[in-house]
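The structure appears below as structure tokens.
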Amino acid sequence: MKKIVAAVLGLALAAGAFAQLSGNQTWGGSTTVAPFVYAAIEQFQKDNPGVKISYEATGSGAGLSSLLAGQYSLAGSSAVVTAEQQAKGALPTVVAFDGLTPVVNKNVKLSNISKVNLAAVFAGKITNWKDLGGQDMKIVVVNRDESSGTYASFWDIVCVPTQGKARAYTKDAIVAKENGEVAAKVASTPGSIGYVGMAFAEEVIKAGGRSLMVDGVKDTVANVLSKKWPISRELYLVTMGVPKDGTVEKAFVDYLLSPKGQAIVKSTDFIPLPKN
Amino acid sequence: MRRRGSVARERAAFGVIRGLSLLTIAILALIMGFILYKGFRFSNEVRGTVLPYAERSPDGLALVVGGGIDLDSLDFPVLYGMYTDEYINWAKISADDFDLLPIAIDPAKPDGSATAKLLFGESADPQWGGLVKTVPDAAAALALLRSTPGAAAILPVDALRASTDTKELRVVPIRRLMLAANEDVVALVDNRSIEDLDDAALARLMGGAVKNWKELGGPDLTVKILSPPAGSTLAAAVASGRPLSAAKASIAPPSMAAYETALSGTSGAVGYSLAADAQAAGLAPLTLKTVESGWNLTWKYLVEAPRLSGKVGGISTIILNTLLMLALTILIAAPIGVAAAVYLIEYAKQGPLIRVLRLGTETLAGIPSIIFGLFGFLFFVNILHFGFGLLSGCLTLTLMILPTIVRTSEEALKAVPRSLREGSLALGATKLQTVLRVTIPAAAPGILTGLILGVGRAVGETAALLFTMGSDYKLAKGLFSSARVLSSHVYLLFAEGISFDRAFSTATVLILVVLVFNFAARRLVGRMGGVK
Amino acid sequence: MKRRILFEKGAEALLFACALVSILTVVFITVFLFQRGLPLFAKTSMAAFLFGTNWEPTAATPHYGILSFILGSVYVTGLSLVFAVPVGLSVGIYLAELADKQASRGIRAAVEILAGIPSVIYGLFGIAIISSVTRTLFGGSGYSLLSASIVLAIMTLPTIINVTEVSLRAVPRELKEGSLALGATHWQTIVRVLVPAARSGIIAGVVLGMGRAIGETMAVLMVGGNAPIMPSGLTGKVRTLTMNIITDMSYAKGDHLTSLFATGIVLFVFILALNLTVQLALKRSISGTEGSAGA
């Protein structure tokens, strides 16, 4: 009984109304946001039994173009929504933060790397660990595919200051399609380095890899919140225009921004918005 | 007369052929062995900060949960997270499907302030989460615990003992001891820092065998072990965790305050600390590394529905989705495929038409599944507006496996001796009767093999399905419902970095499903052969 | 009687319609691919597309050169056949001609299970075992042309074995008995009589296997390395045509998407050319053994 009362209260808080939501929804987009979006959808559907939502994790780019084409009514994105897309009606809402963590194979004898050197490694300018204070071993770069918002963010945040605006990742890199594949390849390939969303670093470590400090800062949630961690970004839910009251899209965006939604973000190892 | 040399050569050739044949079994054994092993057992390195010693009643308090929560003990950082809004349900803590309701006694009351001290240490201002429910006393907390399946409460042990009805409840021991070190121990030197400690390194360090931090990959500093002040909570906790108490102390501060000052003020210092105190005092914890192993693929994993992208729960709905997909695909593909083969073999006359038809089948067989995926995505999903779902996926699969079914059925029909057909026709049967009653039954084992090959391809297909069938891990509710199947679940668990262990477990189930199909089909083939 | 004939005719028409499904699908997919892919050549020349080695679809001035991927596909498929064909033929011969009941039952079961193992599982296996074995033996990162070929070889093996065995068994008994009666040894009979008689089937099997190899996506994606560069050798990273499509498919738009369809066309033309060659070869070789294989 208490549970039901709590659920109703939660719904009231989240949707701001007692309106009965229903209908089938097809959403999709970024794979990075998928873990907390899936979790939030599960919880949201528990509170709104009439709603059925499916989220197709196809990548930020695909999600945004499907949103603009009208196939999705809501998209997740880890990439910044461009002015051009916004002009067509896409409206991003920041729902969480994410840190990017450089990860290495455990045989790499190094705990820290500077942001400048990190950029040089991914631009292919530094190719041996001994130039960074490690052992004499070739660096195997593991990069993401171009579709990922993470691929774009990493260049923009890490490499632009020293390597220039135009993306010039080294081409001699293993290309992995998703965060998990980066984790698997870094954990299994001696001398390798890659980058993953902070929430995925745990899986790299489980598989036997390690995360690196950057400029002497550890990749902790606290450091991202306090802006000490040098590689962090915003994650978005994108809708077409301002969603109307009483729609599932509006209710869901509000739900994710509510304390409960932000707790879901936290529970999936992403970083909630600062309380203000 | 044969020459001896040629006999020997033939023997050698047969030997090589035999060896290569056995190689296929060896390859299979290797693949199956590896996947099954990884599917059933997991063994992971886990990094954390707390030592593996759990207290039932830290500071005279106890963590109490409902009997439905499957939990043996809990790390302090998780407990801390429960009371600071890091979790909203038990899924990530104990894999139970209850919403979490953390209960604490009003911090203004004495019992409540003890709870605050346990969680947040002596000095910090408490960071209570918004989900925490405060109650006036232990009795109220117990009442709430009994009525709410996902509730957890921190209560005084005395109050718990005094209560008459605690059968339905469970006390969960807490691990909160850790190793704290001076800042300069964990500092970076030449971009390197101290390694994570495994059990052996930990034993050597606290046994006094490590003289310099250099030996553990840290900076060039002498190790100084602090012993907790006598009579303190910390000393009691360390003393009761017997295997840990062998620390060879070189410094023994008189009070807790002095102990913490010594830790943060002495170069190279290390000592036990309670997690809450270390957090409050800003001490640097040493990272510990342990290997966790156990059973992966349990009955529970098969019968529970997946939650949180499959990070917790099982794969029941995904297995059902897979079976639905196979049934639907075979339902569409088998009649068309066999009929096409019958036409090609029994009816069509050699000529340009049949050549075109054959070329069509063979070309279709060669088309990469990814192109079917691209085609299905644009045609079925977008142009015909079927959306991501079972129907789009199964139609795409049908196109993919059709050639396999047609080709093998053709080969099987070809292999039926001409005399059988001629006998039937001579007895006055029509062509269609001959085909239905004589030729197809005779070719049935071969046709079935084709269907099995087709199903094998369908059940394992991922590339074409990801973009047509969708990835919703709930049970499909209709033809247009997005549905995740075993193969895409394996890939997504792996690729999205949800869990490699679970990817292997699901892979094992996938292989077992394939095996069951094979076995059933072989039995079927055997029976038919018997009838013939 | 008339109704019966009508029924027979109706059934034949239905069967014919089913036989048409494959060819219609092929025509449909072909038209679809070309319609979506050809517009690329309004933006970039066909030569630059086919012979360029610079793949930068999202750069400010995009380049769509896929030569590295064409060669990647060719190398990987070719190398996998080098491994798979000898083994596949041998096992097929063993099963059809040499094995006693028990051995053949075991091997056939193994082959069937190998055929059933999904490609994504081959991928997992490739990442964990094959890439580390090739890394230890031959160096490099382990995600390479060699690893991808080995995985593909294992994957195509069942197809080649199955079809070889079926076609050997389909050779009429009289041919074999005749050869043996003329004093040929078992080995001579296999090599000179049975295999040539079953040639059409065996070639079809290899083509089927090749089709699976060239079209395989997930497994090679997981072990190939996927770098968009020319493979630098056996241990170099490789990206094939299929990998190129799946890597970019989820997000490509505009000319980029068109270029992926164009990549699909190349793949498609490849397979078509392959099939035509084989069809021609079969036609020539069949004339000798028409009586046996034609029935």
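Each chain carries a letter (A, B and C) given by its place in the written order, and its residues are counted from 1.
Everything that follows uses one rule, which is that a residue touches a chain if its C-beta (ideal position, glycine included) is under 8 Å from a C-beta of that chain, and two chains touch if they have at least 3 such contacts.
Source: prediction; values computed, not measured.
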Winner on C-beta contact pairs when B-C is weighed against A-B: B-C
Identity of the chain that, by mean CA position, is farthest from chain C: A
Centre-to-centre distance between chain C and chain A (centres being mean Cα positions), rounded to whole Å: 38
Chain B and chain C: spacing of chain centres that average the CA atoms, whole Å: 32
Mean-CA-position distance for chain B and chain A (Å): 21
Sequence positions of chain A contacting 2 or more other chains: 58, 177, 181, 184
Per-residue overlap in chain C, given as positions that touch at least 2 other chains: 128, 246, 250
Two or more partner chains touched - positions in chain B: 467, 494
Residues on chain A engaged by chain B in the complex (per definition of touch): 1-3, 6, 26, 31, 34-35, 38-39, 42-43, 52, 54-58, 71, 109-113, 132-134, 177-184, 196, 200, 203, 205-208, 213, 216, 259-260, 262-264, 266-268
Chain A-touching residues of chain C, taken from the complex the two chains share: 57-60, 127-128, 131-132, 135, 141-143, 221-222, 225-229, 237, 239, 246-248, 250-253
Interface residues, chain B side, partner chain C - complex: 2, 6, 10, 13-14, 16-18, 20-25, 27-28, 30-32, 34-35, 38, 335-337, 339-340, 342-344, 347-348, 355-375, 378-379, 399, 402-403, 406-408, 411-412, 414-415, 418, 430-432, 446, 449, 452-453, 456, 459-463, 467, 487, 490-491, 494, 503-504, 507, 510-511, 514-515, 517-518, 522
In the complex, chain B residues that touch chain A: 44-47, 85-89, 92, 99, 101, 129-131, 144, 147-150, 188, 190-193, 307-309, 311, 382, 387-388, 467, 470-472, 477, 482, 492-500
Chain B-facing residues of chain C, complex: 4, 7-8, 11-12, 14-16, 18-27, 29, 32-33, 36, 86-87, 90-91, 93-95, 98-99, 103, 106-107, 109-125, 128-129, 154, 157, 161-163, 166-167, 169-170, 185-187, 201, 204, 207-208, 210-211, 214-218, 241-242, 245-246, 249-250, 260-261, 264, 267-268, 271-272, 274-276, 278-279, 293, 295
